[in-house]
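Every chain is named by a letter (A, B, C and D) in the order it is written, and numbering of its residues begins at 1.
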Amino acid sequence: MTIIKQNSPVLFFYNDSKKWLMNISKKESLHTHIGVLKHADAIGKEYGSRLMTNKDKYVYLLEPTMYDYIMKIQHGTQIVYPKDLGYIAARAGIQDGQKILEIGTGSGSMTSFVASIVKPRGHVYTFDVDEKFMKIAEKNIRRAGVSKYVTQTNLDLKISKEIPVTEMDVALIDLGDPWVVLPKVRQMLKGSGCIFAICPTMNQLEKLTIALVENEFTDIESTEHIIRTIAAREGKTRHSFQGIGHTTYLCFARKAFFGRKAKTTKAKTTKAKTTKAKTTKAKTTKAKTTKAKTTKKSVKN
Amino acid sequence: MTIIKQNSPVLFFYNDSKKWLMNISKKESLHTHIGVLKHADAIGKEYGSRLMTNKDKYVYLLEPTMYDYIMKIQHGTQIVYPKDLGYIAARAGIQDGQKILEIGTGSGSMTSFVASIVKPRGHVYTFDVDEKFMKIAEKNIRRAGVSKYVTQTNLDLKISKEIPVTEMDVALIDLGDPWVVLPKVRQMLKGSGCIFAICPTMNQLEKLTIALVENEFTDIESTEHIIRTIAAREGKTRHSFQGIGHTTYLCFARKAFFGRKAKTTKAKTTKAKTTKAKTTKAKTTKAKTTKAKTTKKSVKN
Amino acid sequence: MTIIKQNSPVLFFYNDSKKWLMNISKKESLHTHIGVLKHADAIGKEYGSRLMTNKDKYVYLLEPTMYDYIMKIQHGTQIVYPKDLGYIAARAGIQDGQKILEIGTGSGSMTSFVASIVKPRGHVYTFDVDEKFMKIAEKNIRRAGVSKYVTQTNLDLKISKEIPVTEMDVALIDLGDPWVVLPKVRQMLKGSGCIFAICPTMNQLEKLTIALVENEFTDIESTEHIIRTIAAREGKTRHSFQGIGHTTYLCFARKAFFGRKAKTTKAKTTKAKTTKAKTTKAKTTKAKTTKAKTTKKSVKN
Amino acid sequence: MTIIKQNSPVLFFYNDSKKWLMNISKKESLHTHIGVLKHADAIGKEYGSRLMTNKDKYVYLLEPTMYDYIMKIQHGTQIVYPKDLGYIAARAGIQDGQKILEIGTGSGSMTSFVASIVKPRGHVYTFDVDEKFMKIAEKNIRRAGVSKYVTQTNLDLKISKEIPVTEMDVALIDLGDPWVVLPKVRQMLKGSGCIFAICPTMNQLEKLTIALVENEFTDIESTEHIIRTIAAREGKTRHSFQGIGHTTYLCFARKAFFGRKAKTTKAKTTKAKTTKAKTTKAKTTKAKTTKAKTTKKSVKN
């Protein structure tokens, strides 16, 4: 039985569209249009209990899940939604212990979700170029409690010659032009490793698919995921009137070796100077730098 | 770089509908209508490499993911599909370290998937009544490599008075009549804990939703998940001609306390005699048995 | 080339969510938040031309189609949407010359749509019990230009013993409890005639389907129709972000003869006193009664 | 009451996937794997009646609707499906009396459907270049009973300089490259007239949308239509397991006048030598031929 204490995270839940995620702070109150709640009143209660506002509305004190953290992030930035995240995890078989490469940290929602699955033995290496965004992501990742399992690096993998990580189990790409980093991603992925790209447009799917073949990936699959809510009520069950629209398409593939005449150059990998969940600029890289001559292939269709 | 050895699991992948999952066994061959492959030829190769059959078809040697194990289970029994499993994980925020209750082990596909996420510190307690099915599940779970994180018990939670586990983070129910076990599930779940039920029909959603309210659950949500495949090809990208039909609806909720006049009887929990991933019959149970007087409530609508 | 004149109907079209349907009236102006337009400026122009508002926005002067009339009705009442209407027409094979029975006139949107297809040789007989609604419907039907092909009658077919029409090609039912009128509808339909019921809930589909079998209908089909809008734009084509939610399910069937022990009662049909597109109370009925040998069946519930 | 006679069209209906459409021919029998039926036994029966095969299976004698004719055509060629046809009719407001232009007759399914709606006062002018297909279409159109309302012409509107028809209410285009004929279609459409193009790929939608703007069309809308079948059964209602996949996307628009510096040349229209529902080669065209200088516009985005 988990009791709510000072500093405990709580999801104040009224209904699916009225909910507030915060840490308990003895002296604070939650002011909403359904009334006021004193944080202090939550202390000592078991998660799942409810409080009544001064307007006689019941609010449940739920223990936040990773879902709640992700949906909280939603307010303000574009996120990858749980329906899509779930499929990514299930299709790529993400699990404890894996090493995940993420290109495009964004707001850190996918980062947090994936970290919560691969922990404690796995790790997420995430790269972005926008310092401002990286700070937001850092905060979101910390809030979700998974900083320890995430390394954020400010590095532009589109142009950098470094190969900061290798033998990744899964690569997640959330860039407008994911095909640009494919040769590099390939070097960072283990053989048979999975790739998932967030592609909001059909054009991206198309270009990426062509590039995936050129870069010797197999089991290529493009999907979209539609979630429909059902209003299940006695004697009048039906789908919800409000629809859920498009979020993104997803493109999956696995790294293979086509055995093309590939004059494969041994790419010496180097580690970008990264910091655990700190957003630092990967300035230099020690090492016998990376010739990163990304396995050039002469490929047609 | 992971090299395929004797006994290594390999997904021989030709395309999405022609793929074979097996362990490498030096002296065996894979006979398919696209030709024959000798297992021995795979040994020493890196995952992701390809072999040519005696009919000149290329087959990729992929490292099986949890997805592959689940889809393999599919052949022969009804499974919960990755699109649904993924949402379950994402919506309930399943992650490393959690304790999961599963009622209705079925073929073990959901069991395996969930175990792969909560491991190494979490655990799945799964219950079923059909011995034959339990053996199949046991084999599938072992094959998926997660036996260590699963405890299978032959116990009918619909009628048993035992409370074999408590303080579960998440309860997964795959029964025809999930509402029957709700009072008991409630006792096994921690406060604010999540429940997910696999409901193939609308009628189940309806009945379950009513029962969830009666049993003091909140954040109740019924959904269905549609996956559409897109054939992304240069200049002619479109959705796939073959559609994906109905698999199941999902019903989610979280345990709350409505503070009803509940003359709550302290249910003393007892442990069913279970065995790690062995299907044993939970015959007796020692203990000061469980009066399991499930928090009777007087409820309206 | 059709020129807009005084009294011509015009759809002032700015975009899909900003459009106004009205008849040209020399001295009037259209006041919108995208500016003001004088009706007089439209006169003499060809349909399809555009005018500029005093805020420099272009508005197209489109010739209203039946679609525009139906979507116009939408504002204020619940309508059957074009995506559903279209399927009804296509599945039931509605065409010129047919006689259509409609139970539940509602706002007259379905009435108008169907009338526009069966005219000039067909006719729609529509029944409702709500006088206020009938007046609204009458106005909408007139506006859509199909009054001549519609007979509105105030008659409760759930309780009335009259059989006001017979040998209908198609019956459209928009009632909360469509199963109640099935035996009667059967008497009004020709052999092999089609039925379509608007069923917003799954429970209605279920009850109706059972009743359709009991009432000797075949080719029973329940469907739902999802329309998704695609934002087709150069280099970034994708589905629209806003989704379309649930409108209604549809239930289709065709009248058959199961040859059950049918102790056929001669049901004497009478004609309700109806008026062409006038909402009059069907008091008495003259008439050389219709022998409407309505194959009475012994049916339960 | 309509009685089946020699030569009457009958849909022998066993279930949705086992049904046969044919004209009654006294001496013939229907041989199926559910048994044999003599046509003669159907004569004298009312539509909707049933016959028993020599294998004790009941088959219903339904009066074919336009839907049945279209679904019959399906076997062998690609058709536009009722779900899509219905939306076309509803969105474009197709109704009695309209003149319809169709480019790409195909198997004649859309032709027949549309003709059944615009008859008796309207007409469908349909153009194709494939003589073999035109013959098939001719047969299908005749079978559907609407030859009188259809004029088939063998003319390649992509290259021809003729403007065989004008002031069309609606234009339906079923070509791989619909944008090619847009300038010409524009000349044949009345102001504010509607266009619908059958576009199986996203790329077609994208190209066509760009071309529609360039050719001064407004109210442009791309959609896809998903039909889901529901198995409504007592106590276990759910969506059908088999899914319906992609058929086509649809692109709609209406002809407008953007008032661009258009040095509009009066296009003198000429009538292609056509024949009512006969597939004749439009050889010559008398007339002061058509300079068809398709209102060249200088357009940006």
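To be clear about the criterion, a contact is a pair of C-beta atoms (placed from the backbone, for glycine too) under 8 Å apart; a residue touches a chain by one contact, two chains touch by 3 or more.
All values derive from a computational prediction rather than experimental measurement.
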Next item on the list: Tell me whether subunit A and subunit B, two copies of the same sequence, contact each other through the same residue numbers or different ones, using over half shared as the line for same.
Entry: same
Next item on the list: Sort out for me whether B-D or C-D is joined by the greater number of C-beta contact pairs.
Entry: C-D
Item checked: Centroid distance [mean C-alpha coordinates] between subunit D and subunit B, Å -> 47
Check: How big is the gap, in whole Å, between where the Cα atoms of subunit C centre and where those of subunit D centre?
Finding: 23
Notebook entry, point to check: Where in subunit B do residues touch two or more other chains at once?
Noted result: 202-203, 206, 224, 235, 237, 249
Next item on the list: Would you pull the subunit A residues touching subunit C in the complex into a rising list?
Entry: 200-203, 224, 235-246, 249
Next item on the list: Show which residues of subunit B lie in contact with subunit A when the two form their complex.
Entry: 1-2, 13, 16, 46-50, 60-63, 65-68, 70, 82-83, 85-93, 95-97, 113, 116-121, 167, 190-194, 202, 205-206, 208-210, 218-219, 221-235, 237, 249, 251, 254-259
